[in-house]
Amino acid sequence: MPAPALNADEIAELLKAEFPQAFYDGCGLSIERVRYGETRVRMEFNEKTLRPGGTVSGPTMMALADFAMYVAVFSAAGRQPLAVTTNLTINFLRKPAQAALLADARLMKVGKRLAVGEVTIYSEKMAEPVAHVTATYSIPQTS
Amino acid sequence: MPAPALNADEIAELLKAEFPQAFYDGCGLSIERVRYGETRVRMEFNEKTLRPGGTVSGPTMMALADFAMYVAVFSAAGRQPLAVTTNLTINFLRKPAQAALLADARLMKVGKRLAVGEVTIYSEKMAEPVAHVTATYSIPQTS
Amino acid sequence: MPAPALNADEIAELLKAEFPQAFYDGCGLSIERVRYGETRVRMEFNEKTLRPGGTVSGPTMMALADFAMYVAVFSAAGRQPLAVTTNLTINFLRKPAQAALLADARLMKVGKRLAVGEVTIYSEKMAEPVAHVTATYSIPQTS
Amino acid sequence: MPAPALNADEIAELLKAEFPQAFYDGCGLSIERVRYGETRVRMEFNEKTLRPGGTVSGPTMMALADFAMYVAVFSAAGRQPLAVTTNLTINFLRKPAQAALLADARLMKVGKRLAVGEVTIYSEKMAEPVAHVTATYSIPQTS
């Protein structure tokens, strides 16, 4: 497996510069591990993300999975902040605990134009995954 | 077509009571129209939702679609705040303008346990849709 | 709306020439209507497609939807037999009757490289749809 | 991990009895391995499954994935021939070789009513997967 195009610190710096609405000190997101085409991202628990029934809301998990895929794309394709999701499918598996979430993203294909990956989301206090995502990112062509 | 189980005002009141983290005065979301199994929901433009490239972020549209489906489920199944998404697929079609988004949700199936629907998202300044979603909601069984 | 790039007869002839394994006299598939980016395709009932419970099998409906999308891509992008599906999501809504199936495909986006569409499948003896599909086709670039 | 509810031979026998249109001697499908909630299924190469460009058709891979999920459901939930797919998403990753296909299915959730799993499809002559599927099966309730 090749070395990652960017490491965790480089990706964090890129995100703070390019996407300050989503990634800033105190936002609750952190990049725990980066390999080529793979990453683990962590989201701290925040009461604002709860929905009726006391569970973390679906859109919170969708946003986390999309963020983890974005980081995984950078790890393989390098500095591509304009990469955009073209489609995403999420399956919710279990009600998460009121705890931090961990998202493990892994690219299954890294093409010139498209990257396809899957993300498994865990609740820190549970052994079994709480959600599974597949997504495709479109990578803009530099001329 | 039957009358909706709840009208727009009743659904708005239910959401303010049950899901105050997502739906409150000034949250930017409004329910423009409700029929049985159908709704149009509006989200005001907010600079915080922009991502690199100046376009509305994917998770913003996913959250809007999920919200529109939730309202559509109430319009058909009534007061079911514990209904939860079991899966959701989104296709991003075009880069949205920096403008309000409109989400038209329509249930294709209303079963006892599962409701399946589609949502088409429009940017207020564009004729063609910017995203399309299909989703399944699980409706808890009252005993 | 522009005229279709190819009409129903032209598409049928193209398919017989390029894809004789799937489309041949007596195969049970017919193209009932073609507009730009839209088509209705019909599949005759065949007992071989039944699965336990006496219902038409899921893969039969997936194959029909994929075929309808392929025809819709030809109606908009012209002679592109090497166009391939990059992803497809199907939701099964109701148990189909033992009857012919009709698939209405409609492209939501026709880009240079990707076409995204939805397909609604009906059983000839039922008012409500039996399945709904969204799919993306990749269109090869001619140089 | 618990023992499988049915082993490979028992599942093959069940399929021959209940679903003879799809599973019969000479059909090209075989069940190579069964664990609880997991299976590997093999499909021999057949020229009839080729599509323009000389690649195995998308619907062939969808049918194989759906079959592998069906076997995995039996391995966990036992004799449930009336279990049906409620939704399925496939991502095509690479053009398969003209060779046998292997489908590795793994359930991520086994509930009373729903089972959710993923399937990775390999072409026998290639190291990297050719397609990835997630699917949900509905398990009928015995009263």
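A, B, C and D label the chains in the order they appear, each numbered from 1.
Throughout what follows, contacts are C-beta pairs under 8 Å (C-beta built on N, C-alpha and C of every residue); 3 or more make two chains touch, one makes a residue touch a chain.
Keep in mind that this is a model prediction, so the values were computed, not measured.
Any chain bridging subunit B and subunit C, meaning touching each of them, is among A, D; the list is complete. Between A-C and C-D, more contacting C-beta pairs join the chains of C-D.
The distance from the centre of subunit A to the centre of subunit D, with each centre set as the mean of the Cα atoms, comes to 29 Å. Rounded to whole angstrom units, the spacing between the C-alpha centres of subunit A and subunit C is 34. Computed centre separation for the pair subunit C/subunit D is 23 angstrom, with centres defined by C-alpha atoms.
For subunit D, residues that reach two or more other chains under the stated contact definition are 86-87, 89, 91, 136.
By the touch criterion given at the top, residues 89, 91, 93-94, 108-109, 116, 118, 128-129, 132, 134, 136 of subunit B touch subunit C in their complex. Residues 86-87, 89, 113-114, 136 of subunit A are the ones that touch subunit C when the two sit in their complex.
Residues of subunit C that touch subunit D in their complex: 18-19, 21-22, 47-53, 55, 57-59, 62-63, 66-67, 81-82, 84-92.
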